[in-house]
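Each of the next two complexes has chain A plus one other chain: chain B in the first, chain C in the second.
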Partner chain A sequence: MLNSPLQLRLWLVQLALLMLLADAFVLWSLGIYAMLLLAKLPQLFSPQPQSLRPVWSLTLSNVMATLIVTALLLFNLSGGLLHLMIHFLLLAAILRLLGFRSNDLADFRQLNWVHYFLIACCFILNQSLAMALLNFALLLLQLSCHYLGFAASNSRLPLNHALKLSLWFVPLWLGLFLVFPRLSPLWQLPISQQASTGLGDELNPGSIEQLVESDELAFRVEFNGARPGAAELYWRARIYDQFDGRSWRRSDRAEPASFAGLRAPPALTLSYRLVAEPHQQRHLFSLGIPLQVPGDLRLNTLGLLSTRQPLSQRTSFSLTSALLPLPAEPALAQYLALPDGNPQTRALAAKLANEAQSPQALVALIGQHLQQGYRYTLTPPLLTGEQIDQFLFESQAGFCSHYASASSFILRAAGVPSRIVGGYLGGEWRDNGSYLQVRQRDAHAWVEYLQDGQWRRFDPTLMVEPDRLHSTLDQLLSAAELLRLQGNWAQRMDWSKRLLQQLEDLDYYWSRWVLGFDTDRQQDLLTTLKQWLQQLQQLDWRFLLQLLLLTLTLPLLWLAFHRWQQKRRQPIPQWLQQQLQPFARKAPELTMQQFFRQLAELFPQAKAEISAVDDSYQRLMFAEETTVLPQLKRQTKQLRQALRRPT
Partner chain B sequence: MFGLTLQQPKRWFKQRMWQWLAKRQPAATTLKLQQRFLFVFPTSYGFSLLGLVLLLYLLGTNYQNNLILLQSYFLVGLLLLSIILSFRNLSGLTLSVTAAPAVFQGEDISITLQLSQPQQRQQILFQLGDFSLLCPQLPGTVLLKLPATSRGYYQLPRIAVSTVHPFGLVRCWCYPLLQQHYWVYPKPQHQDNYLPPDADAGELQWSHLSPYQAGDPLQRIDWKRLARQPQQPVVKVFSNVLPEQQRVLILPPLTGVALEIALSDLCAQIIELSQARQPYALQLPKQLIEFGTGPDHRRRCLEALTLC
Partner chain C sequence: MHTEIQLVEQQLNRIILGKPQQIRLALTCLLAEGHLLLEDLPGMGKTTLAHALAESLGLSYRRVQFTSDLLPADLTGFSIFDARSQQFSFQPGPVFSQVLLADEINRASPKTQSALLEAMEEHQVSVDGETRPLPAPFFVIATQNPLFHSGTNALPESQLDRFLIRLSLGFPDRDAELQLLQQDCSASQHKIVPALLSTERLIALQQQIPKQQISNEVLGYVLDLIGHSRKRSDMLPLSPRAAKGLVRAAKAYAFLQQRSFVTADDIQAVFPAVAEHRLQPRQQQQFAGLAQQLLLETPCLV
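On to the complex of A and B.
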């Protein structure tokens, strides 16, 4: 029943819910909810008996609810519908618990229902392995509340029983998950709105440096078949084509496109599965030209992939890409537009353009120019005024965005259409190369220029720091710069680093097999099962017979073991009666002593043995001398022999 | 067409159900609850949880979120599990009923239900008419009460035994019918103009002890002796000092309320006479019970009265 320990359990569930759903809250609402939870504590630990404890009246609850809901509607509209719903439901649950009367089962039923729903909402916000495990633990805690609410008031959780039940509950549960038909999304639901991460709409000198400081995961990829070389791992995410003298922006002019008709040689085709972390933006990551894309993704003429809604949870996609240069779109004027200024750079561009015969040659000249005295650093000096001029002719130190920006400027000034691509370069091969892990640290910017109607890639950073391609950033930076990146203490220690890596691997396979389980995989699984069954049909009858025997023997063995155990645990009086049953049956109203007396009358020849058994029995049962037990067993055996003797 | 009006489909349905049950489970002295007699159906809360399952399935589908789908299947599993657990909570329970004592109209009949429980069972609800009893842990016997509203000889009605343990999602229940009859005697009540026959006869005096016979009033048991000799209960016998009178109780041929009043009156007289151990005879319109004393005679007279 709904006693105090149960209420404490429910309170703990709500506390855990508030913590797990904290992402959906803003600071002030989190504070208010925490206060409401605290208000329950005096009720829980009040010394008064259950029925006398003061609970919140309905009026008080309603007034609080009205106030908080009004505040939420006024100040939290930016949070989105999903967050608002979570706020409402948790508020209702907390207020219901505050006004909980111990005899009201209807209240408990509703609370239980809402808790189950809120736990499901936690799964929208948190999907990593650790969080999901926490969530499932919370689900079990809620289940225990559910059980206790319908059990007798002083009952405990039957944990042994529950463990036995879980032996077939878990296969049933997972079987349902694996086999039950899955649907594609029926309609759009409000999504969780949080600050976006990753590459933004604007590329400033410095924006990539900020990204690189983050150790966060961006996405992970598993390739079917051959792994591409390091020089091909340019993950395209965004294209910046408008320059205002300071920062590069992306124009929104990209039309939807399809490259499915493109003929690509198999050697240049890659198929891979990408598990993207939620970054609250629409853009995705791909190599080269995406050929086959899932139906819920959009592909544009820039060769970029995007989702219909900002990515708010870890999602996986199957993609196929061709490692070919992208065909140019018809309108190219925007790729030549430049703001006024930067005269020195323009002069350099004119000079290089005179020397070069083709865009490709021009790019090579730019590369040569960059190899003279330029420095690759995470902490370049601040640029003011004519930024490109200042960078190329004064500071000569910068990060990838500086080089990309300057190269693109020179190309445009020399009359070659060009643009900046933002994305990620490389990544870290994990678990013996089974998958590639790309972090924000791998963020990169490079240039695409037009030649022969095709967009060619040019990475100016490689001219300055050729090792960038084959080594991680950590290996390239100076010790001071490295220290700046490694804010995380856990990464400095070797053992904890290894542990972290293993946990990351685990988390990846969790995403791949559990979060990424979809209709295709289900089909695969069913096909495999079918093949198995077919193979089974072709099998030898002898093998089948063995299998059948085995499946029959195992339960029989188990049953025998069960019987044996039961027998062992049988109470002494029952055991004794069973032993003597062939000779005389004890009437239920008789005591054992009376029964022995009756037995002695029936079998006078066994009087001595009967009194011996009687004596041991009395000592065992009433004096609790457990050491007598073997003696009793022996005497009982003798008694049975004596009873069999003829008179 | 079926001898029914449209307002009565519910009653008609119930009637059919009882008929069906009578065929399926006729009265038995001991009844082991088996699959044959047990019904299982989700409760309204079970349906609301099913609604939640559908909601979560839609949510999981639309967010393409496997973890929500997992939770949805978890709750499906819970529903399926509840079916089996609630069934197991009742299945195998063996019911029998000890002889129900005869009562007078207006009293409550106590029916003692004997239960044998091979396993642990919890939260079982027994219902008999308006009386209901929830047993958190199942005891060996359950005492049910049934109001005796009108005189007669009755078969014990069907008891409703149900449980929603462990999650309140699924109800398992049955309507066991146990072979047991009980008597409801007329209400003992003297007529207004009644004068006790022995009003001035003086007090009853203790005469001797005699072995207990079934039907002897419990307050006359010699409790002290009973403590010493539990196997041989004795009762104190009182005898009237006045010479014994032989009385013939006559029921005139009446009907309706007048009959009931006369029956009540005769009933009261029989009780008094048998307590005083005076012989009496009963003359009914269609039956004559000769002079006699003792519990058997009393019982015979009361039963004859009841069936008038």
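On to the complex of A and C.
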């Protein structure tokens, strides 16, 4: 029963769990857990059956558990409550297997359910398609353990039967997926303190360059209706409005706002569905002004979206945006504040401000200035001292953050309120343009300046490198720079690239249709169904329904009758064999009584019940006392219960 | 229920050591009013069994050593002229006993064999144109030596068919043989076996056998077994007589186990003893276990 094949499988489940949950672990705890798993290994492959005694005594297990838990509490508390709990659970499971007493069903029962729980935990950490498939395989393995642990020792899993049964359950399962209410979680998952990715709270010269080196997915978007042009794909994520001479920071002064009353011409309205990857931060991404936002998101006066909790799971949102300039908020002084320094730039700003009549003209002049001798590069020289001066008048080479920073400085120095927007530009159209995939390497920074009470977009990078809008970054960079990136972007063979792209597409649709199937979509589906039914109502739908019911019921009734007939005509020995089939199978040449004796040898605990059934069977079949039948049926039921009892 | 027959069985088990199944089958044969063919090497206890069986059941017992010059009259008896009464008077042969042990039956001439076999089937003998009935329980235990065939006349199939059951006692196991040797030292050569049953009682018991209950399902299994033997080309088909014998033997076997009905187990228990000599009369070693093969190949539904 709880023999070595079962223990091997349980061990494999734990190994797989450790791998799938590796994200929650730090290197040293991963190492310790792997060692603990290895400690079980020699026993699993030793040929002596008596070696199935516990590897570790209870005392040793307890001491180890105390040590490891203490170590975890001391050194890994920063990992967050969730990760700590996963550590504890897996530790308990591994130690339980090490101290596994093969005759104790209680041990196995605990282990079994803890394994199921851990498998579910894998989903908290990662929801991708690949993970779902791996998890499913793991679940199957655990189910086989479950079976091995509880089933009678000599019984074999009727695989055909199981497969057939699972096929029956597919429609039910699909139906439940579609109609089961999506409850909002009753509790909040403890926030894991994983390193956040994407744009941070601070924009340095250089922070975007770091981001661009990553090939990681940021989010994916599917547009309903028309696709926007390339010049509109400015995904706003962050606003940086405080400059300290070195880096730009974000002030936390944004008030909640709603732009739902805004009237936008339909041509400038976009509705889209965004699937964001977990980045452990709150900010989201949007185009222009978000008009309609889901209830669980917040929108502020800056036109930025954020979630209530840091995004720790892949999540999808339906949004509507208007491609209009954002109306200005009342207090604007902060957008003019500048630290001292950078005299040369201030002089330039004064000169340009004299020439320009309006902020728009000033922006055009800045653009003209930037077109003279500036270079777009991922590896600009290091700036020291008066950074803006140094960049504008000495190095004249930089990445988008340099240009945005300098432009915003000039605008502020010239008295025009301005700020830097951090976000993503463009993206890659995938699957024949059905969705847009935005990676970290599409990170971008640009400037917004105030004119006529509205924030207008100015992207100084385009002045230097106009092609940035329409081409991907790799086409713009020099060979040397490309080489530097390619280490991270993983230059791949053509076919594997294609395969990878297809897998990414698949993963996207998984998120879109399975993970993203939320209450809204459910409502949509029900509404569609209702509409369809209403259309039917115009026909004589009652009649149709009756017809449908009749055509469905009649074959079912016939089938039920047929089965009942079959069952009634089934000879007693066959019926009895069918009842006992999960426990043992009668060889065809054996008489039923020999089969009973065989059963009694296999299940000594059920001897009394077997002999009772044997007795009734003889009276019914051989002495032809038909009145014994109900008694035989009752005794058979008792026998089945007895056979399930552990020895 | 039938304690006397149980007592007989126990007594026989005390005499023939370590062979309970063979003893039960021998008793089965007797209760089923069939004749028994023992196939064994000399000295395996055939005679002891036959003797003990007869004595326990209170039957008269005769033993005839069959030789090639044995005449039918030596068996059936003959009429001699009594000078005093001026009449022929009939001297009954050994066949006029209740249990006849026919030792090495295959040594006799076919004529003698067939005289015995006629007596077995008809329960009567015809001597000098006069038909004389045999005593009421009439039970023949014939033996033959399975190894040495020179100078023998093998029984033809038709005559083998007359024996309900063929048995082979075989060597006793070590414990039984040890006990046997110990007894040999202490007891006299011929034990006195008390009769536990009267002839009338035995006949009454025999008459109960056909009344044993057998369900259609079990009969179906019998028909399956018989039918299967008829489909095979490497064995002789089983005759309806064999089928009848099988059912009768199974009934007696069930009776011996104090049951009033026949189970499939009973069929399986008696089948090799009833069928084997009918399936392979030539006793060639490569055909051994044909009945067992049939049992393995025929699915049992009850």
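As a convention for this text, the second predicted complex is superposed on the first by the 503 of 647 C-alpha atoms of A that agree within 3 Å, B and C clash if a C-alpha of one lies under 4 Å from a C-alpha of the other, contacts with A are read in each partner's own complex, and residues count from 1 in each chain.
Keep this in mind: a contact is a pair of C-beta atoms (placed from the backbone, for glycine too) under 8 Å apart; a residue touches a chain by one contact, two chains touch by 3 or more.
Treat the numbers as computed from the prediction; the structure is a model and nothing was measured.
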When both partners are placed on the shared chain, which of chain B and chain C touches more of chain A: B
Contacts of A:180 with chain B and chain C, given as first, second, both or neither: first
Touching partner for A:590 - first (chain B), second (chain C), both, neither: second
Contacts of A:150 with chain B and chain C, given as first, second, both or neither: first
First (chain B), second (chain C), both or neither touched by A:169: first
Which superposed partner A:621 touches (first chain B, second chain C, both, neither): second
Residue ranges of chain A touching chain B (in the complex, touch as defined): 105, 109, 113, 116-117, 119-120, 123-124, 127, 132, 135, 139, 143, 146-147, 149-153, 155, 165, 169, 172-173, 176-177, 180, 182-189, 191, 313, 315, 514-518
Chain C residues within the chain A interface of the complex: 213-215, 217-218, 260-265, 268, 295-302
Sites on chain B touched by chain A in the complex: 45, 48-49, 52, 55-56, 58-78, 80-81, 85, 122-123, 136-137, 164-168
In the complex, chain A residues that touch chain C: 571, 573-574, 588-594, 618, 621-624
